[in-house]
Amino acid sequence: MQETIQVAQNLPSTPQTWYLILSTILFSIGVMGVLFRRNAIIILMCIELMLNAVNLLLVSYSSYSGNMEGQVFVFFVMVVAAAEVAVGLALLVSIYRNIASTDIDVLSKMKW
Amino acid sequence: MKSEIIFYLLSALSIISALVVVFTKNPIYSVLSLIVCFFSIAGHYVMLNSQFLAIVHIIVYAGAIMVLMLFTVMLLNLNKESEPHKSSLIKVAAIITGGLLMLTILASLKTTQLTAYSTPADLGLGSVQSVGMSLFTEYLLPFEISSILFMSAMIGAVVLAKKER
Amino acid sequence: MLTLVLLILPLIASLVLLATRGNASRSLALLFSLVQLGITLYVWNEFRNTLAIDLPSKFGFVKDWISRPNISFNIGLDGISMVMVILTNLLLPLIILSGFNRTIERPHIFYSLMMLMQSALIGVFVSFDGLLYYIFWELALIPIYFMAFNWGGVNRKAVTLKFFIYTLAGSLLMLFGFIFLYWSNPLHNFNWNDLVNNHTCGCNQTWLFWLFFAAFAIKIPIVPFHTWQPDTYKEAPTQGTMLLSGIMLKMGLYSLIRWLLPIIPSGVMQWNSLAIALCAAGIVYASIIAIMQQDLKKLFAYSSIAHVGLIAAGIFAINVQGLQGSMVQMLAHGINVVGLFFCADIIFNRTQSNHVEGIGGIRLVAPQFATYFMIVVLASVALPLTNGFVGEFMLLYGLYEYNHWLAVTGGLTIILGAVYMLRMYQKVMLGESVMENMSFPDLLWNEKVVLISIAVLIFFFGLYPKAILELSEPAVNFIIEKSLIK
Amino acid sequence: MTENILNEMNLITPVMLIPLLPLLGFFITSLFGKQLKHASGWIASLAILVPFICSAYIFMNTDAATSFEVPIFDWIAFGKFSIPFAFLIDPLSILMLLVVTGIGFLIHIYSIGYMHHDEGFSRFFSYLNLFIFFMLLLVMGNNYLVMFIGWEGVGLCSYLLIGFWFKNQSYNDAAKKAFIMNRIGDLGFLLGMFFLMMMFGSLEYKTIFSKASEIPVGNSLIVITTLLLFVGAMGKSAQIPLYTWLPDAMAGPTPVSALIHAATMVTAGIYMITRSHVLFVLAPFTSDIILIVGVATALFASIIGLKQNDIKKVLAYSTVSQLGFMFAALGVGAYKTAMFHVLTHAFFKALLFLGSGSVIHAMGGEQDIRKMGGLRKALPITNFTFLIGTLAISGVPLFAGFFSKDEILANVFVHSNIFFAVLVLTSIITSIYMFRVYFLTFSGEFRGTEEQKHHLHESPATITIPLIILAVLSTVGGFLGLPSVFHATHKLNAYLGNVVPSLSEHEVSHNFEYILMGSLTAIVAIIIFAVFNYFISKKNMPEANEEEMNPVGRFIYNKYYVDEFYNAVFVRPIMLLSDIFLVLIDKLIIDLLVNAVAWLAISLGKGARLVQTGNTGFYVFAMVISMIVLLALQFII
């Protein structure tokens, strides 16, 4: 691992590649969770995890390239995520009210 | 060196907590460990000189979203016993698939063109001031539209969660 | 510009009609179609007085439309297009008028669709850009689909679906063909002139021929692609059937001349003997089926298959008499078949039956109707001095020059045509009525106007086919010149 | 020369009037028939009389060398072809014009009386006028296509008039049969025209005949062309095998039978071959075929005539037989003789048909000769004129048929002894059945019902006057063509000489002519006596029904079962084929293929539907795996 040049004090000297790897791992864990679990709330949480992995990547790119846009984008992703969770949870509540379960395998009506 | 150590620690924390989210059987633990995960990611943001985003991240995710999650879990009275399980075959398949996905993504990223800077540039990008300037000038329209999104999400959530009739 | 007017006016009419209600719709539709006819006659006159070299500048209208892929809004008129435009605009007032004194639900939509159809048909005939042509070709399908689907007979749903899918499948093949031509054309466009002057290599034409041929053969229809037709003609509302048989199937024949012969000449050279054989066999086949048909509309449908089979065969013979004959005969067949279906409609309107065996003796009570019906029947069995004869004579001669035996086979149509038409006429019109208490009022005013117009047209084009022949001769010669180049 | 041209200019107006007036008459009588009522008959007759006068005027003002064309307009033009609508006036067409308008006029007058009580009076006359119009086009055209217009047009009128009483479906069947059989011939004619167009690049007589002289005799294309043209003639002139429509055509009103199916339309085939004799001379093979077909038709039709009991059917078969005679003459190259027989036959056959019409009129529609007899007293004029007609057709000397038939026989004799013998036999049979009809109808006792007997009356003047005129013509018509033995000029031959030059008409020796005439006269005399003896003196009657006949008689009575044969060989198989095509090929094979495509699409959809399990987990798996595959693809490709 090559020692990087510090531009300013107190700044991380970690290479960007590491952030790539980290966010990939987090993203994959999120995907794994979606595949692994049947509880809809957990799946929702895993999706949040995936979004965060992507956010992390965006921020890292933004920082390393000195570009503002990545951060703004993350901001909007957060907006969408918040809205998504609100609606998603509301849906879950109403589903739970009907079938008393949050198991997505039970929700298999949408088929031929 | 110091920053590297911090990075390792934060990364380990976030990966472990993420794994806990996936593998723990009790939904409450999942929620709590996800909060931990989010905090560690916020730490990463700080490391990357994005202080503003780190704060917003904590407020939105840990403060709002996760509380919402927790509320819901508790409201629906989900616990370890009521937790549905998949068959072990699917679990194995899920792990393998997730691993494969990680491998392919990493393999794809190997060819990525990295940015000009080898270290994060501190140009004051992450400050409240610069993000605010950007949001309220260049990205004013999307910013305002996102408020409409929020409102519709709010209305939607109320309508959906409301008792029927 | 004149061409553009011809194309746009029906479109405007279509929109205006949507705002009307009740009887006003059909009167307005008739008015619009008459105005359109008037413009057509004016254009016809202008066209006759224009030198061939001035045609593009006088009647052409080119505008860039889409740059990638390179599609231009390129319309124009040549002799062949002119004849087809005359056919369309001549028949439409008659078709609209034939709907008077009939109840049609939601007439504003019905007539609006009809006007849209007119616009699309004219678009097909005047387009000189391959993709523009294709768009109009498909557009023409939509109104007729809805007309058949909403105003058709009992069995309409299944039948119209079959019709729609059948024709659509054919057009899709054509689209592939056009895309291939686009790329093989060094100028990378769909312009007709460029496609005609830049033939793709012979090896590709071998299979390209079939892409286009399939699309046109379905529309025409040539046996064995014809099974959609009798059912559709039977189930569609009469005016829809008239549009289909009178004008729409001419799209296929026209396209053979415009988009197949000069563009894929060596493919045509390679396969035209097979195509002609198919047509000739189809003539005999359809005629023989028509002999025993019990349903009036189906009988006319099969007779139509036989007639257009002859036209297609004449086109594939690629000589002056065959192509010129096809021009005359397309017009003649359009007029005659509209007359035939109108007669079937008159009979159905009064007896609620189209069954050949179950009517009889109409001539006793409706002598006028019987006379006009006879005239139409005679025209469609190609009696000399009617319009049917000139075309059939020239087509058969064209076919004869290509191959003597095929002419004999095709010529059987004049015997078999007489057999099924006279049998039908005898059973339906002559003898004593087999229906009890049949009330069969003679012709109403609109029916009389339509039938008299048709009779006049029949004799006019029978006596003076030059009106058409001189229009299309230069264009036909150009097509032949391009089609015979190796 | 200048005088001649001036002359032609003067003639253009009458030439134009000739076809125009019948057409005008057709429009007037068909459009205003209801208002005109019986006046339409006179208008229609006038519309024929004026053309007759015009024709006569033209005849007077021209000589045998006349030949000029009157262009009307350009009809069809494509490529290098141009087919004008134009008329040709020469002795041949003038002769036909006179026959068509002259006899046509007489029959119009006759019809006024005959059709008086018919509700379709005006319609009848409009059809008749239309027929005359087309017939005039046929004979006046200067090219084959104009002739073809007339050719098909007269076929149409024949159809309309045979099925004139359209309430009766068997009449309509007969009409349809006539039209379709004619159409078969027309296809031959059409193809023949195509050959002509290909060979000569034109359809005008002038061009074709001048170019034809360069073609060697026996050229195979010419043989095919002439054969095809002959097929056309076969259909129109009712020769074997296309003759069966003519006897059935007697379903039409009797004036129609006289005009169309005896005097004019059916001779169109002979006119056409005479007109194109230049081509037929070049094709000896075709001429032989024509001779064989003509002789065979003459013989077979006359034998059928022996056993028929319907007065009009007998005359119909007699017409077929006489047409056979004419074709035999054409076959041996005696074109002028054939035209001569056309002329005399037009006189006496029209006379016979009109006479039979008068009889039928008097009998109240009865046509069976077994139920007639002794009409001599009630119908003296009809009787007398019918007798003249019978004598003329039987070839009794001095009557018209004698000279023309004799000329045919002499010409055939030169060509072939066997055919001569057959024709002599035919001519003997002809006299037998004609006198059989005459005696059974007019002599002996009346065999009809009392009511009919009470009703018997001589026909009105409109009917009898044409009969008398035709009787006179049947008597003197033959003097137009006196044979050379009488040391007189053959006026007709001289008149037609320029159009139809003598080519192969060998002169027979005068001695032979005397023997032929003498023996034929003697034979006819014997026949008259024998037939009279058999039917009148011994009161033998034709069998009342089929069962009483012997097998041969039954075979003949049923016209050799030709209709049944055609039905079994052509009509039924086509009908069967029609059903097979529809049910088997259309509905089963093609629709099965089409439906197979639809079925394929449906089953593919059914298969693909199974993927849609509704299980979200499965969907996510599918999604992730697809992502992996997509990402992995970049390493593979």
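Read from first to last, the chains carry the letters A, B, C and D; within each, the first residue is number 1.
Here is the rule we use: a contact is a pair of C-beta atoms (placed from the backbone, for glycine too) under 8 Å apart; a residue touches a chain by one contact, two chains touch by 3 or more.
Fair warning: this is a prediction, and the values are worked out from it, not measured in the lab.
Enquirer: Please work out which of A-D and C-D is bridged by more C-beta pairs in contact, and write that pair.
Expert: Looking at contacts between chains, C-D has the larger number.
Enquirer: Between chain A and chain D, what is the gap in Å from one C-alpha centre to the other?
Expert: 97
Enquirer: Calculate how many whole Å lie between the centre of chain C and the centre of chain D, each centre taken as the average of the chain's C-alpha atoms.
Expert: Their C-alpha centroids are separated by 37 Å.
Enquirer: Need the CA-centroid distance for the pair chain B / chain D, whole Å please.
Expert: A distance of 101 Å separates the two centres.
Enquirer: Using the average of all C-alpha atoms in each chain as its centre, how far is it in Å between chain A and chain B?
Expert: One centre to the other, that is 4 Å.
Enquirer: Do you know which chain A residues sit against two or more other chains?
Expert: 31, 35, 38, 105
Enquirer: Of all residues in chain B, which are in touch with two or more distinct other chains?
Expert: In chain B, residues 86, 90, 93-94, 97-98, 101, 105 touch at least two other chains, as defined above.
Enquirer: I need the residues of chain C touching at least two other chains; which ones are they?
Expert: none
Enquirer: Can you list every touching chain pair?
Expert: A-B, A-D, B-D, C-D
Enquirer: Can you tell me which positions in chain D touch chain A when the two form their complex?
Expert: Residues 609-610, 612-617, 620-621, 624.
Enquirer: Enumerate the contact residues on chain A facing chain D in the complex.
Expert: Within the complex, chain A contacts chain D at residues 31, 34-35, 38, 104-105, 107-112.
Enquirer: Tell me, which parts of chain D touch chain B in their complex?
Expert: 617, 621, 624-625, 627-628, 631-632, 634-635
Enquirer: Across the complex, what residues on chain B touch chain A?
Expert: By the definition above, chain B touches chain A via 1, 3-4, 6-7, 11, 14-15, 18-19, 21-23, 27, 30-31, 34, 37-38, 41, 44-45, 47-50, 52-53, 56-57, 60-61, 64-65, 68-69, 72-73, 75-76, 78, 83-86, 90-91, 93-95, 97-99, 101-102, 105-106, 109, 112, 114-123, 125-126, 130-131, 134-135, 139, 142, 146, 149-150, 152-154, 156-161, 163-164.
Enquirer: Quick one: in the complex, what on chain D touches chain C?
Expert: Listed in rising order, the residues of chain D that touch chain C are 74-79, 81, 145, 148-149, 152-153, 156, 159, 163, 166-169, 172-173, 176, 179-180, 183-184, 186-187, 190-191, 194, 197-198, 574-575, 577-579, 581-582, 585-586, 590-591, 594, 598.
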